[in-house]
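This is the structure I want to talk about, given as structure tokens.
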Amino acid sequence: MNFRSSVEIYTEWDIVAARQLGRNEAKKVGFGTVDQARITTAISELARNIYLYAGKGKIEIERVSEGKMSGIKIIASDEGPGIQDIRKVMEDGFSTSGGLGAGMPGVKRLMDEFKVISEAGIGTTITTVKWLH
Amino acid sequence: MNFRSSVEIYTEWDIVAARQLGRNEAKKVGFGTVDQARITTAISELARNIYLYAGKGKIEIERVSEGKMSGIKIIASDEGPGIQDIRKVMEDGFSTSGGLGAGMPGVKRLMDEFKVISEAGIGTTITTVKWLH
Amino acid sequence: MPQVVGRQYKEILKQYLSSQSEEDLYVGQQFSRRFIEKDIAPEDVISIHKNALHDIVPDLRKEVWDSFDFLIEMMIHYGLTLREHQSLIRKQEAIQMEMDVATGVQDTLLKTKTPNLKGLDVGWISKPAKQMNGDYIYFLNHEHEAGVAVADVMGKGIPAALCMSMIKFGMDGLQDENTSPQNVLNIINRIVEKSVDNSMFISMFYGKFDARDSMFSYASAGHEPALYFNAKEQTFSELSAKGLLLGIKPNVVYEERKQKMEVNDFIVMMTDGVTETRTEDGFIDMKTIEKLLLEVSEKPAGAIAEHLYNELSKLQNYRLSDDFTVVIFKKEK
Amino acid sequence: MPQVVGRQYKEILKQYLSSQSEEDLYVGQQFSRRFIEKDIAPEDVISIHKNALHDIVPDLRKEVWDSFDFLIEMMIHYGLTLREHQSLIRKQEAIQMEMDVATGVQDTLLKTKTPNLKGLDVGWISKPAKQMNGDYIYFLNHEHEAGVAVADVMGKGIPAALCMSMIKFGMDGLQDENTSPQNVLNIINRIVEKSVDNSMFISMFYGKFDARDSMFSYASAGHEPALYFNAKEQTFSELSAKGLLLGIKPNVVYEERKQKMEVNDFIVMMTDGVTETRTEDGFIDMKTIEKLLLEVSEKPAGAIAEHLYNELSKLQNYRLSDDFTVVIFKKEK
């Protein structure tokens, strides 16, 4: 079974904890300094979105492997209001600052795989993976 | 009379000489390291354009002042074929690499003032100024 | 401003150098976002970093400081690309505004008036998948008759808008002529054929209700069949008629067919954006549409159209893959 | 690849640290451009720099290396913005392609056929200032007559294209009616007024040459006057007629006037992009246009139009500030 651990996101401090967990795991998988920073930034964005827009949620981090490849998977989930218009959120922002939308295309770019499932009133789950090349 | 000196551009080596002259002058005027680098880059782009597209030409560098402001003026001139479509050359490139066009919007951004005069078969003169803020 | 930024940066860096904590990196990264918002170029960041490090650990070998100067030089073109980005974003915003204006003008210019005919309840809905709609509805009203053209034109933007204008102005010119569905399609086909080359495809359904004998007559230029609901029998049947897409050949004669309507019967005209609704399990079938229509068959035409749109839109997760257009003619007492 | 890049970077940096020469900075900067082309993010540059410096001067205090890690963290969002830039550039290129398609469709759909009438030589030129043309020429041909509408519609893109289509399809519908300039403008004005709100402005000149009596009749909806060249006298006079812009009021009656033409006389119809040519010294005046026309008054209509365009375009440094359209009717033997 793969290693998996998680951080509940309630406060801004939890964002830092999720980052720390992610960076440690990324290092253990064997990512270099820059990729560690990228993975940590992706976690940071996901956790901030939970903190800012859903109020609470969870970041799970899992080491994954497929054949000879190994990598890291991040699952961000919340029971918030859900994303109204996913298409819009995934569009490249007309402004780099603020809003839920700012983060998503960025996270997608920082990682290799990216999937959103969102239902109004039920919540949002974002799953994203980065492989070690 | 203001100080003015110039470098003829024939070879790639002359580009370096023009840069060196510009950086020294920029330093004397009182620009900081980053602005020195920006002014030098602008000179570099102008000189490279002369070298690549006109074959030969001249970079003149002049310390200027207006009221309490002081600054540096760069005049790049050649007797090359002239710029066919200035509008196009000044447009933000759809590609950052290569071609005469790549440099011009960049030079404009690196400096404060920018003016082109170009006539087919007669040549091109670009005058650009950066003020010390 | 840069001095304040420099001081703050130094504090955060100093903190990090003494703790190497994740928290300081988080604070630093949040700080860097504000740098970008304030148009601080990456070469400026290197310079700020160099000065901060110099204040914190002044006694380093000269190579370190020289190396930062080199790094600044390396960053200049990165900074330029970023500034180009700002200008592209502004350009993009301008294009967006232009599109908004265009949509408004298109709506005004190609507007059509819903018929108001005794004995007929007309409802319709037309939703674009992207910003511009490639489906077009045009009503042709006469004293005892209500006609409607439902068209799906190829492409979006200017090409689509021009095709629609061909249809509108073509039909405007028909006011005093024979407006039998067959004749309408024959004439519009000739206009389209004359104006566009063969690479433009337009499908169109033309239906006309005559209040005097409650007869619905129709013709189709390669368009989706309509659905006829028989209220007494509570059954559906397809209304299809043979005919080539518009503009392919100059002299096509379109087949015209008729359907007698009784009170509470209705006819649903639509584009392929309705019938080709794609869900995660593949395309829906006609039965799904019929089921949805049946659920609200006693409501007014507008409510039926609305219901169909809402439910089909939900089935595809609120993401239309094609423009969606429905027109409903329902016979009233 | 990154390792090769890293080694090269180290060599250049090492060189610079020992010489601090401008040449090495130049080489470094040229190298940085290739970094950008290869999508090497700024955070990667910092990492490459750190590793290179570590190889060159390994014995530095720990703070230096930690400070680079901090700087990498600071650069991540810069890197993201740059990647967003790449995607915006691709988007922009897609829009450009779409515009190209739209221009093509517009040309096909709104195309018009230059008259071929014995006794009349017709020449024209129409050049857009930007990609899309907001000027429109439409010829209406009959057995003994050649008519032309020269219009300047507000805006560009879809709004302009739709206005043009109104004019084209409106005039298409006139084939069998009274095509006196007055009547043409009256009818087109009614169509425009019905279709657009008051915020759209269209100016239009309609001129018609009748081969039977060599009479040129014309009417104008707020458009630039035409110029009449009298070959015998070698003089110019303006042909203007009163009339409101199209679409302002529903029932405008346009003034119609006439000008008899003799062999070698010609009439120049144009848009304000011609008369309002702006040079560095301000606008040109009508005398400049007359002088240019006189220079080539013995040439065919097409050559006269061409000459006018070339010379006026040169006067404004080849940068049109407005769409430029000229139509010339020249009486032949």
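Which chain is which? They are A, B, C and D, in the order written, and residues in each are numbered from 1.
Throughout what follows, a contact is a pair of C-beta atoms (placed from the backbone, for glycine too) under 8 Å apart; a residue touches a chain by one contact, two chains touch by 3 or more.
Because the structure is a prediction, the values reported are computed rather than measured.
Student: Using the touch rule from the top, work out which pair, A-D or B-D, shares more C-beta pairs.
Tutor: A-D
Student: Averaging only over C-alpha atoms, locate the centres of chain A and chain D and give their separation in whole Å.
Tutor: For chain A versus chain D, the centre distance works out to 47 Å.
Student: What whole-number Å value describes the gap between the mean CA coordinates of chain B and chain D?
Tutor: 30
Student: Between chain A and chain B, what's the gap in Å when you average each chain's C-alpha atoms?
Tutor: 45
Student: Using the average of all C-alpha atoms in each chain as its centre, how far is it in Å between chain C and chain D?
Tutor: 28
Student: What parts of chain D, by residue number, touch at least two of the other chains?
Tutor: 25, 29, 33, 36, 73, 76-77, 81, 84, 88-89, 91-92 - these are the residues of chain D that touch more than one other chain.
Student: Can you list every residue of chain A that touches 2 or more other chains, as numbers and ranges?
Tutor: Counting only residues that touch two or more other chains, chain A contributes 40-41, 96.
Student: In graph terms, with chains as vertices and touches as edges, which category applies: line, ring, star, complete, or other?
Tutor: Here the contact pattern is something else, fitting no line, ring, star or complete shape.
Student: Quick one: which chain pairs are touching?
Tutor: The list of touching pairs comes to A-C, A-D, B-C, B-D, C-D.
Student: Show which residues of chain D lie in contact with chain C when the two form their complex.
Tutor: Touching chain C: residues 13, 16-17, 20, 24-25, 28-29, 31-33, 35-36, 42, 45-46, 49, 53, 56-57, 60-61, 63-64, 66-67, 70-71, 73-78, 81-82, 84-85, 88-89, 91-92, 95, 98, 101-102, 105-106, 108-110, 155, 157-159, 161-163, 165-166, 169-170, 172-173, 191, 195-197, 200 of chain D.
Student: Spell out the part of chain C that touches chain A in their complex, as residue ranges.
Tutor: Chain C residues touching chain A: 22-23, 25-26, 29, 33, 36-37, 89, 92-93, 96, 318-319.
Student: Within the complex, which stretch of chain C touches chain B?
Tutor: Touch residues, chain C against chain B: 41, 43-44, 47, 69, 72-73, 76-77, 80-81, 83-84, 87-88, 91.
Student: Within their complex, state which residues of chain A touch chain C.
Tutor: Touching chain C: residues 15-16, 19-20, 23, 40-41, 44, 85-87, 94-97 of chain A.
Student: Which residues, counting only chain B, touch chain C once they are in their complex?
Tutor: Residues in contact with chain C: 32-34, 37-38, 40-41, 92-93, 96, 105-106, 109-110.
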